[in-house]
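Written below as structure tokens is the structure these notes are about.
All chains are identified by letter, namely A, B, C and D, in their written order; residue positions are counted from 1 within each chain.
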Amino acid sequence: MTTPVPVGIIGAGRIAQIHAKALAHLIPSANPIAIADINLDAARQLASELGIEHAYDDHRQILKNPAIEAVIICSSTDTHAPFMIQAAEAGKHIFCEKPISINLGLIDEALDVVKQHGVKLQIGFHKRFDKGYRDARQLIESGAYGEPRILNLTSRDPAPPSLDYLKGSGGIFLDMTIHDFDMVRYLMGCEVEEVYAVGGVMVDPKIGSYANDIDTTIITLKFENGAIGTINNCRQSEYGYDQRVEWFGSKGSIQVENEKTSTLVTSNNDGISSAKPPYFFLERYMDAYQAELEAFIQMLLDDSEPEVTGLDGRMPVVIGLAAWKSYREGRPVKLSEIDG
Amino acid sequence: MTTPVPVGIIGAGRIAQIHAKALAHLIPSANPIAIADINLDAARQLASELGIEHAYDDHRQILKNPAIEAVIICSSTDTHAPFMIQAAEAGKHIFCEKPISINLGLIDEALDVVKQHGVKLQIGFHKRFDKGYRDARQLIESGAYGEPRILNLTSRDPAPPSLDYLKGSGGIFLDMTIHDFDMVRYLMGCEVEEVYAVGGVMVDPKIGSYANDIDTTIITLKFENGAIGTINNCRQSEYGYDQRVEWFGSKGSIQVENEKTSTLVTSNNDGISSAKPPYFFLERYMDAYQAELEAFIQMLLDDSEPEVTGLDGRMPVVIGLAAWKSYREGRPVKLSEIDG
Amino acid sequence: MTTPVPVGIIGAGRIAQIHAKALAHLIPSANPIAIADINLDAARQLASELGIEHAYDDHRQILKNPAIEAVIICSSTDTHAPFMIQAAEAGKHIFCEKPISINLGLIDEALDVVKQHGVKLQIGFHKRFDKGYRDARQLIESGAYGEPRILNLTSRDPAPPSLDYLKGSGGIFLDMTIHDFDMVRYLMGCEVEEVYAVGGVMVDPKIGSYANDIDTTIITLKFENGAIGTINNCRQSEYGYDQRVEWFGSKGSIQVENEKTSTLVTSNNDGISSAKPPYFFLERYMDAYQAELEAFIQMLLDDSEPEVTGLDGRMPVVIGLAAWKSYREGRPVKLSEIDG
Amino acid sequence: MTTPVPVGIIGAGRIAQIHAKALAHLIPSANPIAIADINLDAARQLASELGIEHAYDDHRQILKNPAIEAVIICSSTDTHAPFMIQAAEAGKHIFCEKPISINLGLIDEALDVVKQHGVKLQIGFHKRFDKGYRDARQLIESGAYGEPRILNLTSRDPAPPSLDYLKGSGGIFLDMTIHDFDMVRYLMGCEVEEVYAVGGVMVDPKIGSYANDIDTTIITLKFENGAIGTINNCRQSEYGYDQRVEWFGSKGSIQVENEKTSTLVTSNNDGISSAKPPYFFLERYMDAYQAELEAFIQMLLDDSEPEVTGLDGRMPVVIGLAAWKSYREGRPVKLSEIDG
């Protein structure tokens, strides 16, 4: 058996806990040996629960530890780019949660440093590791369903996050649609050329007045391969987390439907009823969160290329900025206007 | 264009009206020219609505009419066998509603007369003309799903008929399950060898006390080809008419699922809901009622063999009698005990 | 029983045959007494098949016949507006196939004449009479699923019509999407405010080069009530006629799914398979074609208002013209730009 | 936080590995401190992988260890009863895989000893901890779907086990149907009164000739509450592990449908296709295996009663013996004939 890869985890919040548990218990090829969080108690508690040796209040203690080969950056979004830079400079391989930044300049700077130091980088677009989307991409690439014509994505959350979170999030296109922007690139296998965004505040007026954001949107997409598509987002869905894909090509269609929380079907005078989708992303994508880390560790062991590259981290931000420009100016916007 | 076949309709009740409308409007190769019913007003009204020339109060007027080549017998069950005999003697081809009789001796006598006079006979097991069951049988016969192992049928009615109807019906096995007994023969392509019936009165105690019948039953079947199966019946189903088939073979399974009255799907906090099945047989099998008559007329035009023969009318009664014997004696009963 | 309404049918082509059969056989309250077509043989054959008294080669013979109260205009599109005007002047009530015209001026002229003469007018948007869409609208209007946020329609044909047909059709937005433009108004209960259309030639290059049309499109919609939506069209779909609706509101969603041609489900080592949708509109909407005529006749008998008004015939053309302008200019177009 | 319950695991085979991993990683309230297997290497390897302190080649070393409060018996079936007796005598609480024994006398002896020593006992009928079946039972008990009438279970395996395994297994009714016998008791909330079994060798002739077993069966059930039911078993199913339940009552029905391995739906000219069920029990019931151990540990912590009692372990064996008697004698058999 291969020696497990020693990793350090930066952050001890919700997503950090998921990653840490997977690394500690479910991925034998990984060996998490330290957790750092500015909240030392949080780091200590997580380390203790999972039998992880070190708990720090400063991520630089992880970077200084020569035993650690790779870091998992799952601290707050504003720290992603600076920590990525420091980690690259320290010669650590990097798994970084999305988005790298909502500032394109910072992204480019960070990706440059990563490149200079030759460390490996994987971005945390976990949906690419969901079995359904992977199967869909494989079928699309097989050509069995023909040339792509239309790609429609639906992503609706069960409930909006806090207004304060939204205020600092970069807004719906950079915080929520960003996953769909990644997914359309993943499934279409080419770049988006132009976007047109409509939408508004339909869930909670304070999302507009306080957070200066919108909560419901449709984005129309033109792809470089000539195909077209839509993304359908809402921050609130009464029936739970809605995560669907429809790819339509010249020889048929491929859909990823919602999972259901149970296979129970009840029938009575009112009709036939079945269960709702899983409540939210933690319930829906737990397997994908584990799979993306397994792929990251395996990539290090194999010295191969990451499945989600720095470019894959960068492009959804470009598309998100174009979407905001389109929404604000009420016209279609080419990506070249953002990233000329 | 072929000259339409001139037919007479015996009976003007519910099923007669369906047949008469199909013959008058939807089957150009048929030409209904007379209707007879002991209730002359009913015959007259139906004839007038459909533009049918003659209305009689005696079916013998139809049998005497030399212009009429075929009769559609859809009068009450007790008249089926005697009218069939008279029609055969008059040289008319015969479409007869099921069951021919609930008395095996009368069935045999009628079939003998039909044979002697060389007229064609088709029995009204309409489900054999339903697209779903036909497709299922074709797939089974293709061998693509392998050798048969198990065949499960579910037939549940939305509500029981009147107690008086039940009292004279021959009971659940001869009145309701008889369609399933026909269907298992149709799908399995061989005879039933043995049945075992359990059940009871679960819907309405008067079905037992007044009609001396049961309302819920499971019949276990052994087929001559070694396969086994079940039939699942209930006279009352809250969600409507339940009509399902599952055939399970060595290379896969074939199911006929319930239709739904609409394709509407609603989703909210309670779950995902869809529509119920069609309410009852008229809604569910209208196309099949038309198709069986089209097949009958076409058979006459082609001088070919009927799709539902006299034997097909006889065997379900044998199985039904075996099921009653099994239920009453609490043991499996071979068909050879009934029909030695 | 009410005296059936005497009607004349103008046109003897495919859709005329459907309407004529329904009027002759399935709608007792209608009495079709004449058919007119410039192809007299076609008119005669249809009249003969259905037992309709008169066959003319000139629609004016119908208009002159004082016994006829209403006309069914299902001749070629370019004749709709002039025949509508003549029929109104002759005092006949009018059922007219869509579109009235692809020229807004002609539509307005025709609607003016109809108004002046006080005859009733129903436009042939048959989908409004499909059970699924009606149920959906009723649920939406009930408020049980909350305020509207998003409305997505998918309409894909199994195969494109002939290139010559397309050349004279007014193009995809006026020939195909027009039904969806009607449906969004029907379901949303308010007007469209702005459209943005993208698309291209993906099915057959000659649809571009010969017919100067496109075959695949996505139209983004803003509604007057603040909701947003999309329409998804393609002239060719490998799995058949795709006709779906998704309405998403603050308390849940309402979907109209595709029907399937059978309820057969087969399972083997490759997976679980079920049947395709009905092949095309005739198979899918036969019930709706009958229902729209029943509603038209009933409206005459009740002296009530039509379910599909002249305005309902006009607005989809306005939206279609806006869609073409948007597609050609590559920008969102407000309906007020077309219909200021 | 409560001190985790120290447990010992007897057996290191396939199901032991699943239980050991769950106890070591996924159930914080459990503390597995020893594994015993007659194959010491297997015990050592599993202990080492999971960080479990002790590995023994004799289960008595676990029973002698005073630190251990409970044992998980997942050694071979013939050892269940004797080990249960020894564990009870050593004062250990017991989780024991099914079946306790296929010999009713041994079961009764073991249950007696457990009772005398007052230790707690839970039997490993894991399906009772599957979310779908639990939800179904809760709905049934709620009364919302009325009084029970019919209960149909389908259990089909993807492929038969080895012939040698089958030879020593007690046969299909005690090895495979036993889970369904437990499930019908769980869902119906009363005892089975009578069974009638038909079936045969349809998958592999050697299952008959070598293992003296059958591979395909339908068992008809009468319940003490008057309801009736069926169980449908086959050792080989081309489309994978088929695990369905249909409960039908006076106010509606409750079905547990198969899960699918993905939510992908593909559509083309051949039809609409979706994924197969999970391959077999490990894929299908992994969550249930964990949940049954969580419940066992929680029961110890709460000093409450087990969800699956000794009686629950015993009755399915009684039903299985009755099924064998019925199959061999070709007649319905009352449970009182086995367990008078």
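Heads up, the rule we're going with is that contacts are C-beta pairs under 8 Å (C-beta built on N, C-alpha and C of every residue); 3 or more make two chains touch, one makes a residue touch a chain.
Since this is a predicted model, take the numbers as computed values, not measurements.
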{"item": "Per Cα centroids, the chain farthest from chain A", "value": "B"}
{"item": "Chain pair showing more contacts of the two, B-C and C-D", "value": "B-C"}
{"item": "Rounded Å distance, chain B centre to chain D centre (Cα mean)", "value": "43"}
{"item": "Separation of mean Cα positions, chain D and chain C [Å, integer]", "value": "58"}
{"item": "Distance from the mean Cα position of chain C to that of chain B, given in whole angstrom", "value": "40"}
{"item": "Touching two or more other chains - residue numbers and ranges from chain C", "value": "238-239, 251-253, 267-269"}
{"item": "Residue ranges of chain B touching chain C (in the complex, touch as defined)", "value": "25-26, 28, 49, 51, 131-132, 135-136, 139, 145, 251-259, 261-269"}
{"item": "Footprint of chain A on chain B - complex, ascending", "value": "238-239, 260, 267-276"}
{"item": "Interface residues, chain A side, partner chain C - complex", "value": "146-147, 149-150, 152, 156, 196, 198-200, 202-203, 216-218, 220, 222, 226-230, 232, 234, 236-239, 248, 250-253, 330-332"}
